[in-house]
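One chain, chain A, links the two complexes that follow: it is found with chain B in the first and with chain C in the second.
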Partner chain A sequence: MREKLNVLHIALLLFMIESDVAVFILPRLTAANFGTNGWLGFIALSLVAAFNIFMYRIVYRMGGGRSVFDIAEAAAPRAVLYPFYAALALLWLGLGAFIGKTYVLIFQMLSFQNSQPMLIYVLYCVLVLTLLTKSLYSIAKASTVFFFMASWLVLLLPYFFKSWSAVRFTTSFFQGAVEGHHLGGFLEVFAAFIGYELCMFLFPHTDAKSKLFTGVFVGHFLFTAVNLLAMVMCFGFFSFEEIKRLEFPIIYMHEFVELSFLNRVDSLVYPFFSFYSLISTVMFGYAALKSIGRMLPKVSDRRLALPVTGAIFLLGFIPSIFREAGTWLKLVFTIETGVAFGMPLILIVMLKLGKKAKGA
Partner chain B sequence: MRAAKGIGILLIAAMLGGCTDQKVLEKIGFTRTIFIDSADGDKDKINVTISIPKTNQSESIVYSNVARTFKQAKVYFDMQNDRRVVLGQLRQILFGGNLARKGVWPHLESIFRDPSVGIRTHVILLEGDIDKLSTRKYTQGGTMGEYLDNLVRTDPTSRGVYDTSIHTFLRDYYDDGIEPLANIIKGTANGLMVDGVALFVGDRYVAKVPSDDAMYFAMLRANLKYGTLVMEEVDTAKESVPASLSNVVSKRSIRIKSVPDRRSGKPAEAVLELKIRGSLLEYYGHESLNVAANQRSLEVAMEKYVGGRCERLIRLMQAAHSDAIGFGQRVRNKMDYQSWKRLNWSEEFPRADIKVSIDLDIKDFGSLAES
Partner chain C sequence: MSRLGGSINANQAGDQPADAKPTASLVLQELTDCLDAVHQCLEGNGGEIVYIATLVDTSLLLRDLIRPLTGAEPSELRTKLGAAPYRLTKDMNSCLSGITNGAVAIFAGEDAYLLDLSKKIGRTIEQTETETLITGPHDGFVESLDENLGVIRRRLRSAKLKSVGFEAGEISKTQIVMLYIEGIVNMEFVTLLSERIRSIEIDGVSDSNMLVQLIDENPNSVFPQYLTTERPDAVVSKLLGGRIAVLMDGSPSAFISPTSFLEFFASPDDYYQRWPIGTGLRVLRLIGFIITICFTAFYVSVTTFHYELIPHTMLLNLAESRSKVPFPPLIEALLMETTIELLREAGARLPTKIGQTIGIVGGIVIGQAAVQAGFTSNILIIAVATSAIASFVIPSYIMSASIRLIRFGLIVLAGLLGNLGLFMGIGLMVIHMAGITNLGTSYLSPIAPMRPSDLLDTLIRGPFWALKTRPTLSRSPNQVRTRPKQ
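Up next, the complex of A and B:
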């Protein structure tokens, strides 16, 4: 019998999927898009995401734990579905690639100004490959380890209290957003949560004992809580107008840490964040791999890992400067947000149709 | 298997490629200090001096150049230095008074924009001749950069309350209810000296808090720990004598009683409260201090003295339009966003009615309770 995921693994895996490069810039994104006390907007969006997760839970319940592919194929002919699989696979490959490349571009800017970013990206892709050749169970275990390897960063928090002041929060709410309030801005912040929808790929790896959605919700709210904490620290540590201008507030906050045996902790901290991006890329790669695998039932997943990673690597060539990476990330995240909300609706309709087809 | 080997070889090749970004310690010149002042004669140009400590830590290499921007000057330093000049270990940015009076912003921004510069880098106003100060030998030990770093960090005049760095400067510069600060350092016969605090409006240096007042200013700006309050003339009913409090702990709170009213033209009203507690370790008076009533009257006299000095400081800030304490932040937090944005706080601040209320307790009287 295949091993099933347990609730802790699911929670931490989900936390790691949701965390990616966006965490460095979240305080700025919330300040710029929501305005003063923008961190409250983050809570609101977290609840929206939670509602979306709840929709997946309905799918899980209605489908009785069947994989989403089974649900879809019970309701529609494969010929119709395959183009969608292909399109989704491309989208997920793009997400994985652009998240990874953006991470590398930031890393390069901070520490390896004279390195070829694609060289760093190759190494990143090698890590992606080694994880993709393993089963989902191993990916989940690896992400649990990564989670604990990066979790010590929380210990640095008390360091900022001395320079923290509630006065800087201001008492106004949602004022002074850079371009006013608009949907595009909210989507930009919402992108931080994107990744939870991959819980649909966990369906076949769980049973009743796994408590899949308990894990997913715990992971999601853990992510919300950790980022909220970071944001609250940031809003009292920097001034509001400053946060709107700082490219990577979280990284500058780490620059402030000075221990008697070590200063400029930021350059030590940043590589640890690679785990977050790595697991996001791996899981989007995994989603793409599953979709492609569904179209090529004769090819084993292991043999698909290399071409999938290859595609992630090649897509990494597309954005070569920050602006491009930002534009591409925004594009794929926006589409993915649409997919994340549309998918459960379509699946619910398909489940109804599938039932009817069976009944007839 | 052959494929795996091939991939392995490729990987090794790729990783070796990473060695192009070498940072050999012996080939890098770590800039510790940057000094920028306006150039004589040309108002668009700046005079940039950098100091790179040698490996023996007691001497440093100093370059200077006149250019339009910092980076333009740095090119010239690179031409002369036998090691690549980098900013990763930058400890302080010094601004000359002339430039600071015109505004430090574009130059400070240019340095901060470099991701290798840390936000802990001190921002300091330097009075004196940089050429002499940077090459001088200091009996306090080390190069100017190292000495300065330690001096500012522990700043005895204020107990390091305003260890002014890029972080504090940027934070307060961007904030709309408070103005940034910078330590002032000057050269003396046998070293360097903290010469007070520079008050800014935006990025312009407008006024100076003398170092004698620094501790009082520190109490106004933030909570203070282990400070020393030196009082020259404490007026009790009978005499006017010097006294001083040591190990002072003070807690500050600001109460905004009313925000400025546009229609009636009423200014803002605020009360700044200080709770001060310290040991009386110096007293030149003749009152017997083991009498409780005398202790209390001494406390009252001290409260009056401290209050007077604090109020003088606030008037100084108001005259300079520089709200270095952050009354504006609190006024802002009492107003709605639109009305605050319509208000020009740096014009409103000088008109504000600010009172200081002091609550001072003498914790103990040192080794001489019986006098």
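Up next, the complex of A and C:
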């Protein structure tokens, strides 16, 4: 009676994977890298990501829903593939760890200046471990509940209307980028979408009824829409110059909320984002776990969960302050962007090779 | 069933082989040191009877057995015993099983017969004390399996209502009956649950709430996974929804499966009210759930780490209220929560006549005196009391107790990490629930997996015209519940 993932699960899971610490700084990144009305550039990058997702769809169709490991191993010997598996596992462990640690460091900066961030990170890793010991279906179920738990934040939007002004959008487009327009800047913004490539790990958990790629596209465009809304609010709330200078515009915007029974809801809102970072870390951890599991077929996923979480915890020691975490995150996001685009191309070639080998 | 080793003697026949031919002497040997075991001889024919006096209706014994058989010739005795209601028993195991179930064993010549003359022991149908209602039926289950089965049969007068019997407990031999409606239930669930009940290996089972712990998929979870109820109307409603209900002899609770977390917040009352009222009550209970787990923890979080969340006007009151308290908010809250739990537990254990004492003493401990003594702040008392009240709106006592326990964990996390700790605690709870299954179905249904049609009868109580299908959770082969009017 095992259930397969359905389209809504997939959409919400993908939304949760794409949402991570990058969303706090997204308005600043778009303003700094695209300039005025930078949110339009965000739409363009979303379409680029959608094209990349389409490439994964081609792989899914060509491979008949087979797992990416099966596709690769049908075309190349395992001995050749194992070093790649190991490198990818390390990259994904790093991504999971740095996303989590950055979240913890931001929280420490906002509310716990005197606390040791690794103590908070331990608790974060406990949550990661409890999810990694469960099946992907359970992870999807938890992420669905987390999504609905955090969805009430949208209700705060009307509060910003009174300080929001369309005048702040200006009539000029893409002017005033900090270092002009360059690929590095675009990649920095594109990092916000990173996570969609993990849809390749959902292949074995879906069937025709699941409508995998409908879910992936819905999740991706939902993420685009929600962040676009947040950016439009930010661009109309703060001036362009302010956005370029504010470290976390989304969090600072919440500091202005004053209800009759609650003030400065930022410290109440920020913990809700822990669920977004958590699912991102867990899914990158899951990807690493699957890659390591492929190299160690006799070890069950459940047994691997502890060492994988341990690695995520240990990698968390690398960045000790927010600036360092940001640098590491930028590095791993850039590499992952390369992987996200390269992977479907390599898999398509491997599928062709696999077919040839079968034909011969 | 007799796979247990060691101290448990699974065989009713004790030292005798289970298939040995039953004789009065062998049976009496097995019943040695049983004060209530009676052995009598029938006059004029050499017949003997053995029974347990405390289980047998003595007036029936006199009327249906002793009077008709006394003085009968041996051949006449055999003829009478060969017809109904007497039944021949051929082995020691079934003979002893019959006697321990309230039958009288009659030994005539080499043969043994049983006549069921068991008397009704225990309460007759009466109102349940744990699940009271204002409107709707007031009858509740009692400890007698037959009575409980009867009240369900009276409500579902259909041959499609099937009752399958089981036995659990190597020594207690407790009767269990599984109920389902053929054509509506998913038979895979019936098979799965039957296997689970059959696989129980224990000396005895005292209550349905104990039985469910022996068959659930997550025995270490704090959450109840089978919905237990003492209300026949709730059982009938679930049976019609394609679920399975299980009754146990000696227990006034039935359990229902498959079920999900949100169903523990529904009460039969919701269906007897107009649907907007029923919906309001359901939402109120869910708010009660959130208050129970979060309110005190949020107080601890705010007063320890997040004073900025409190508006200026409230902050002054809060600071003044806290100024005399020597403990940090975490200790203060844990003390008060423990006190209120002590009060609740004492109230549950004390006889009703002296139960009022607890109310008076409780008023002192959780009241102005505690504040004046500098033991706690006014606001915490309000938080703790509100949490306690909120926990009592949850219809399932078992679920309410689970949630109250979780509250302590959240208070500690909030005391250590403020709002983040509180949310991480909630996250842990959600992750744990995401892993729970009941007969393979999701505990978080209909939220995860999302079933919008089922939300109409879980988060809210939709109008009857909208509740056209059975819950998806039941995976019923017959989904349609009502047909639209032509």
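Operating definition for what follows: the second predicted complex is superposed on the first by the 358 of 360 C-alpha atoms of A that agree within 3 Å, B and C clash if a C-alpha of one lies under 4 Å from a C-alpha of the other, contacts with A are read in each partner's own complex, and residues count from 1 in each chain.
Keep in mind that, in the parts below, a residue touches a chain if its C-beta (ideal position, glycine included) is under 8 Å from a C-beta of that chain, and two chains touch if they have at least 3 such contacts.
This one's a predicted model, so the numbers in the text were calculated from it and none came from an experiment.
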Could you classify chain B and chain C on chain A, in the superposed arrangement, as clash or fit? fit
Between chain B (first) and chain C (second), which, if any, makes contact with A:112: first, second, both or neither? both
Looking at the overlay, does A:36 come into contact with chain B only (first), chain C only (second), both, or neither? first
Answer with first, second, both or neither: which of chain B and chain C does A:262 touch in the superposed model? second
Touch test for A:252: chain B only (first), chain C only (second), both, or neither? first
Once the structures are superposed on A, label A:142 by its partner contacts, choosing first (chain B), second (chain C), both or neither. second
Taking the superposition as given, does A:170 touch the first partner, chain B, the second, chain C, both, or neither? first
First (chain B), second (chain C), both or neither touched by A:183: neither
Report for A:238: first if it touches chain B alone, second if chain C alone, otherwise both or neither. first
So, does A:126 touch the first partner chain B, the second partner chain C, both, or neither? both
Degrees between the directions from chain A toward chain B and toward chain C, using C-alpha centres, nearest 10: 100
Shortest Cα gap between chain B and chain C in the overlay, whole Å, is 5
Chain A residues contacted in one complex by chain B, in the other by chain C: 112, 120, 123, 126, 258, 263-264
Complex contact set, residues of chain C against chain A: 188, 305-306, 308-312, 314, 413, 417-424, 426-428, 430-435, 439-442, 444, 447-450, 475
Name, in rising order, each residue of chain A that touches chain C in their complex. 1-3, 6, 8-9, 107, 111-112, 120, 123-124, 126-127, 130-131, 134, 138-142, 144-146, 148-149, 258-265, 267-268, 270-272, 274-275, 278
List the residues on chain A that touch chain B in their complex, please. 36, 109-110, 112-116, 119-120, 122-123, 126, 163, 167-168, 170-172, 175-176, 237-242, 245, 252, 255-256, 258, 263-264, 266
Could you please specify the touching residues of chain B with respect to chain A in the complex? 11, 14-15, 17-18, 20-21, 88, 115, 118-120, 167, 170-176, 178, 326, 329-330, 332-334, 336-338, 340
